[in-house]
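Naming follows writing order (A, B, C, D and E), and every chain is counted from residue 1.
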Amino acid sequence: MSAPATARPLLEVSGLTLRFGGMTAVDAVDFAVAPGELFAIIGPNGAGKTSIFNCLSGVYRPQQGSIRFDGEDLRGRRPDAVARLGIARTFQNIELFENLTVLDNLMLGRHQHLDYGPLAGLVYAGKARRAELTNRRVVEEIIDFLEIESIRRSLVGMLPYGLKKRVELGRALAMEPRLLLLDEPVAGMNLEETEDMARFILDIRTELGVTMVMVEHDMGLVMDIADRVLVLDFGQRIALGEPAGVQRDPAVIEAYLGAPP
Amino acid sequence: MLAVENLEVVYEDVVLVLKGVTLEVPRGQVVALLGANGAGKTTVLRAITGLLGVHRGSITKGSVRLDGAAIDHLDAPRVVAAGVGQVMEGRRVFAEFTVEENLRIGAHTAPGGALRAGLDRVFTLFPVLADRRIQLAGYLSGGEQQMLAIGRALMTEPAYLLLDEPSLGLAPLMVQRIRDLIVEINQQGTSILLVEQNAAMALSIATHGYVLENGKIVMDKPAAALLDDEDIREFYLGLREEGAASFRAVKHYKRRKRWLS
Amino acid sequence: MSLTTDGARRRGLGRSGSVRGRPALYTSYAADQAIWNTPAKRVWTLALLVVVLALPFYLTRDVTSLLTTVFVYAIGGIGLNLVTGYAGQVSLGHAFFLGLGAYTAAVFGGEATGSEVGLGLDMAIWLPLAGIVPALVGLAVAPLAARVRGLYLAILTLGLVFIGQHIFNEADAITGGAGIGRAPAEPVLFGVDLTTRFVLFGTRINRDMVYYVLCLVVLLVLAVAARNLTRSKWGRAFAAVRDRDIAAEVMGVSLLRTKTLAFTVSSFYAGIAGALLSVVVGRISPNTWDLFLSIDFLAVVLIGGVATITGSIMGAAFVVLLPRLVDELSAYLPFISGSAGEGFLSVFQLQTMIFGALIVVFLALEPRGLYGLWVRVRNYWKAWPFSY
Amino acid sequence: SDDAETGPGVSDDPCPDAVNADNGCIYLGVLSDLTEGPFAALAVPITDGQEAFWQRVNEEGGIGGYDVDITEFTRDTRYDPQEHSAAYREIEPEILALAQTLGTETTEAILGDMDSDDVIGAPASWWSGWNFEDNDNGLILESGYSYCLESQIGLDWFSENVAPPTSVLAVGYPGDYGGDSAAGVEAWTSAAGAEFAGFVETAPNATVGSQDAAIGQVLQSGADVVVLAVGPAETAEIVGGSAANGFTGQFLGSVPTWNPALLDTPAAPALQALYTNVAPWEDLDADTEAHAAIRESLGDELPANQGYIYGWIWSYPIRAALEAAVEEDDLTREGLRAVTDGLEVDFEGALPATTLGGDPNENVNRTAVINKPDPEAPLGLSSVATEVTGPSADSYEYAAACSG
Amino acid sequence: MDELIASVVRGLGIGSTYALLAVGFVIIYRATKVINFAQPALMILGGYFTSLFATRAGLPFPVAVLLAMVAVAAVGALCERVALRPMVGEPPFAAAMVTVGVFIVLLIVAFRLIGTQVLTVGDPWGLSRTTVLGVSVAQVDIAKFVISLAAIGVVGLFLARSRLGLAMRATALDQEVALAQGVDVGRIFGLSWAIAGAMAALAGMLIGTASGGIEATTALVALKALPVIILGGLDSIKGSVYAGLLIGVAESLTRTYQPEYAPFLGANFDVVVPYVIMIVVLMIRPYGLFGTPEVQRV
């Protein structure tokens, strides 16, 4: 299952540096993610994991370094432009549109795939209507896939946490991304929900073939399903490799894992 | 003793969420409240602290007593003044406040001199926060915000501390530290009601545990007994007879269990 | 029960899912996505339309004309709701765009006098222009507005009202100037002067009825268009930008484009409303387009309900009809004097106070607006006789 | 004559709280600014004055077997054209005519409707436009001069009795009020060969905050006479502020620039020294039949300001029209409208008898009263000259509205 | 040169009352996130009460002013209790609309009280002038400047130093969390309205020192504080002061020089100058001069 090391990487990050005032959140970090790989980033709280995601998705502008996605340079692009290139993400603190239904949240993920203008929207016939219908079909497939049929019409704000996380994953999938960034997908979930989420992540990879980068503190999950793991501490890379090796790395144990209970 | 008796809570006048919940936090103890997402754990805490009103919820039956006196009709400030502190779900730090201001507001009801001591205590517990004391809390990483939320609740030295998923989003090492911290706070004389998804952590320090499902208490046992319970082991701790299994092995079939009568 | 999955039931989702509502079964997504997606909705809408069309035949002229004002306010309210309710960009500048629409209409459709310009064109030309010109101005200011948020935006747009009023006061060739104003555009549609009295099937149709139907038709068209927009990708983008703009951007929604669109469309609606309002009132005065008019429209949106088209119509009815209602009611209050100067409070002071107090009371009781109230009532009856 | 033909607004039933229970009732509407609009301070006493006027008419037996009621259909329209037109439409089916329609834009907003409904009305404003058929279709029955003539008469008087001005500045609200007044100033200066120092457009303090800008321009203008057409507080501020900065010219103030309370402001000394008020009729203590009746209606109480007198006197033309219509046995709206052209109005001495309609240049009232602040007078003003006319005002060719 | 100095002094005088009014808005905003449209009515009531106590009751002027501040503070707190308290937890704009309702009611009260009168507050300054550094300036302008800044200073210090000041800001940021910290949100709301009321009353007195007196409609002058709070930054007291003075001076200079040097901009251009300045500054600084940017991170 581990990614072919020879293939040209889908994502290539080098020398990435991000500072806030005097504080360096990400410090010259390099890594590359191969197509189809499930890549994990771990590290203590505040190590800079989410910041890396924010750089990748255009929310933050790193001071130095380069980010290449499928050969394109991402630096300086606004988030919506990055999204159009095929990068989707979920958020550490769920960022769903709480006043919208599950369906509308997922349809929002299809924003860039619906190519009609405002005037067509006002009329809502012909092109706009057709586009809405075809994309609705795509969304319904995702709903099926994530087994959230029954909450289609619920307002997201009303949903329990676990389902929100799933809807957020669905919204990202609706974007038909080539690269999916998952920020703590199972945080706050109970075991059962974690198992479900793990299943979805694995299925996304095998059935949809999407490359993923995942930030997660649940070591059970990370060590089990990730192909490779990048470990950060204070913005710097302290380890990179296959889970088994990383798990035994004293620096990682020292900074992050702690003594096994 | 903090006692919840036969509590019924309704949101928006229609959504019945707690259906007769009874639980007790004896003085000096750590009590764990487990349960799936959406079971109503947070609602129990809101009912205790007088914050239901904010969410358009109300107690329709039952009572909350603090050392014998009913507190279910008190508003939140008075509950706090009566000695019940809480760490709210989802961190909820004041994003536009600095770290220090967040802590100072935590000491709002504390007597004048307590501020210094409280700050010292929190900064010793969480040195990261001391480094960031003049940084805006909103820019802290998720885990750092969690520390701040706990620190804030400790500023008043409450007699009872309600913790809503304190380990959420924390790195393994930090979870251990929080766990130790809870024990320490408890030993300093604060009784604790701990709501957790991380059942292993919670039960390892609790004296007693409750399992809440669908708004009802379905299990009420000493922590040790819960740790031995087969269902708890399987569904909350992930320990099956064969030993820990890989997430990859979890199949698509639904393996769900309900405790509901 | 077979409609909900096992998992959903287990999580107690039935309540927010579809167990209790009538499970609506659709045979296609198209049917599901239609505006009037249930037979009940279709029947009720139709019935309502028939009643509304028949109404002026049974009402006095002043009520007809008051309802016409409701329609006009509804148009403006929908416009403001698009930008403020749906897209979350609070604007206090609505009055400016209404004024712009009114003067655009007056210039293209009004008569030239010795001191004021007027091209005397047909309504078929001036009405669309009354929307387009403000829309273009909206388009031009949107990039500035997109830079600021919340109350900063509200007061920034309020600046438009003050600057606009200054311009309206100064440009007397267009506006007639302060204190005098000018006549509005002439309501001549496809060569037919709408102010003449028609006879239709033996019934005399007066000017007020014609305006009523005219404004109703414009409202219906614009309301449906707005509803369409809001259920399209653009409407979802509005909501996304309103609720979480960073997340929206990460989903591929351009903030600038979305906000600009909201401002432009909203200004279009405002312009149409302003033009129609001036025709209904019969005079355009530069002082009309002030902060308080903007606040009136904000009241339409907030009292009707944020982010609902139907609510905006309800809100317009509330704001326009309430003073009249209070007026009627005060006849039954025994302790106040009818004249302007006597008594502890004159009847007019009392009326105005009641109007203010009702806004307070209403919003305190039902902050989600009339639409929220309506939904609650509806849900109550749906759930009846079960509680919980 | 109970047998006059009647229509809307005339009822054979007695008025509510009728003085004469046997009389029928004529309902007149009032559209005024009664709570929070910009002219509320003036409009409330105006409306009171009108109520007192008609009360007296009723006490004297009413008109043609009818009492007149103006309270039932009084509406507050807050100086807002939209409210004005909505209120008009509301009361229109119930009224015979309008006893008061306050403001110019507001009245313009309902003129079209009034025309098609044949409803006549008395204005509460002195805009010159009401003198001309072109503007009001003969529907508005005005009393006294217009602001445009007011400033001319005032300047005529000033140059005869004080000193001929060399340079005159107009300061006022643009439009129907200050604009009209300024047009008069400009006409006067060109007729009298004085310099027109310009028109300073200002606005109420509620809008501009203070009159500093106007004061600055007064100081810079070099004018020796300033004609004011603003509100009372603004008047005091401009006069006081200019004086405090060393201005020595004189001020002529239009009717509504005065309020008795100005004598309590810090500007009082400056007002007493530099300010002269021009009004179409005398103040409260005058010796005319009309004024006597006004005083009688008031009893011991003083009105808050001169509005009460305006309201009273503005009512005469409508009374005259009603009486003429009764004479013609046609108390319908059409009948009422028919009598207005060429109607002779007797103001019981408050104003010279006036003929309405016809050629404004001939019929318009060109007299004024000159007042000075006087702490002893009941409403703070006492007359220094009455029935004032002047050469420039008299010869002014009055052919169209001065403003608008 | 004298003209310039005189104009600047007038601007500082009026600008400091704008600052005072702005502080009233800012305090309520800082505690409740609500923009208080009732502020103009509170201001005019302040003018009314000062006049009542000073000229009709004949109390010494400083006493009258203090009493008026107390009275309006009470009115403010009462309004909050009756009308705004039920809005706790509701969206700020719905609450802002409630303040519009309160404004309408209070304004009618003011009209009823003031009636058809022109009020004078009985201030000791009147039209007197003093020579400062060779330039003749109105005493009123000096009084406005000194009194406003002193009052703002006191309030600013209270908010910055006291526990309540922090609790106020916390309340504005997140009422639920503030409650959970033991902050009595209701009391905070009442307090903020009371302080804002007192500030408005003081401003009403200062506006009332106009040589022509004030009428009920003068209330609307308080709206001039709107561009000031935005220019300064909604939550910044310091910002209110700088922005108030800046706008006061800009307005005054416009009044002095625009009619002469830029007549094409039209009459009363000074009315729009504050908004023009505000818009220009917002283009560069979206949170005004001293406003705290909203913290946003994902």
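Following the convention adopted for this analysis, a contact is a pair of C-beta atoms (placed from the backbone, for glycine too) under 8 Å apart; a residue touches a chain by one contact, two chains touch by 3 or more.
Which protein is which chain? UniProt says A = Amino acid/amide ABC transporter ATP-binding protein 1, HAAT family; B = Branched-chain amino acid transport system ATP-binding protein; C = Amino acid/amide ABC transporter membrane protein 2, HAAT family; E = Branched-chain amino acid transport system permease protein.
Because the structure is a prediction, the values reported are computed rather than measured.
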item	value
Touching both chain A and chain D (chains)	C, E
Innermost chain, where centres are averages of C-alpha coordinates	C
Chain pair with the higher count of C-beta pairs in contact (A-C, A-B)	A-C
Whole-Å separation of chain centres (CA-atom averages), chain B against chain C	46
Interchain centroid distance [CA atoms averaged], chain B/chain E, Å	44
Centre distance in Å when chain C and chain D are each reduced to the mean of their C-alpha atoms	38
Numbers and ranges of chain B residues touching at least 2 other chains	36-38, 139, 256
Multi-chain contact sites of chain C, meaning residues that touch two or more partners	7, 11, 169, 246-247, 250, 349, 352
Residues within chain D bordering two or more other chains	35-36, 44-45, 174, 203
Complex contacts: residues of chain B adjacent to chain E	49-51, 53-54, 75-77, 80-81, 86, 88, 92, 94-97, 101, 104-106, 108-109, 136, 138-139, 152, 156
Residues of chain A touching chain B in the complex	20, 42-47, 50, 92-93, 159-163, 184, 187-195, 198-199, 202, 217, 219-221, 224-225, 255-258, 261
Sites on chain C touched by chain A in the complex	3-5, 7-8, 11, 13, 16-18, 29-30, 33, 225-226, 228-229, 231-237, 239-240, 243-244, 246-255, 261, 265, 307
Of chain D, residues touching chain E in the complex	35-36, 38, 40-42, 44-45, 174, 200-213, 216-217, 220, 231-238, 240-241, 243-244, 259, 261-262, 264-267, 270, 304-305, 307
Chain B - residues contacting chain A, complex	36-38, 90, 128, 139-144, 146-147, 165, 168-176, 197, 199, 235-238, 244, 246-248, 250, 252, 256
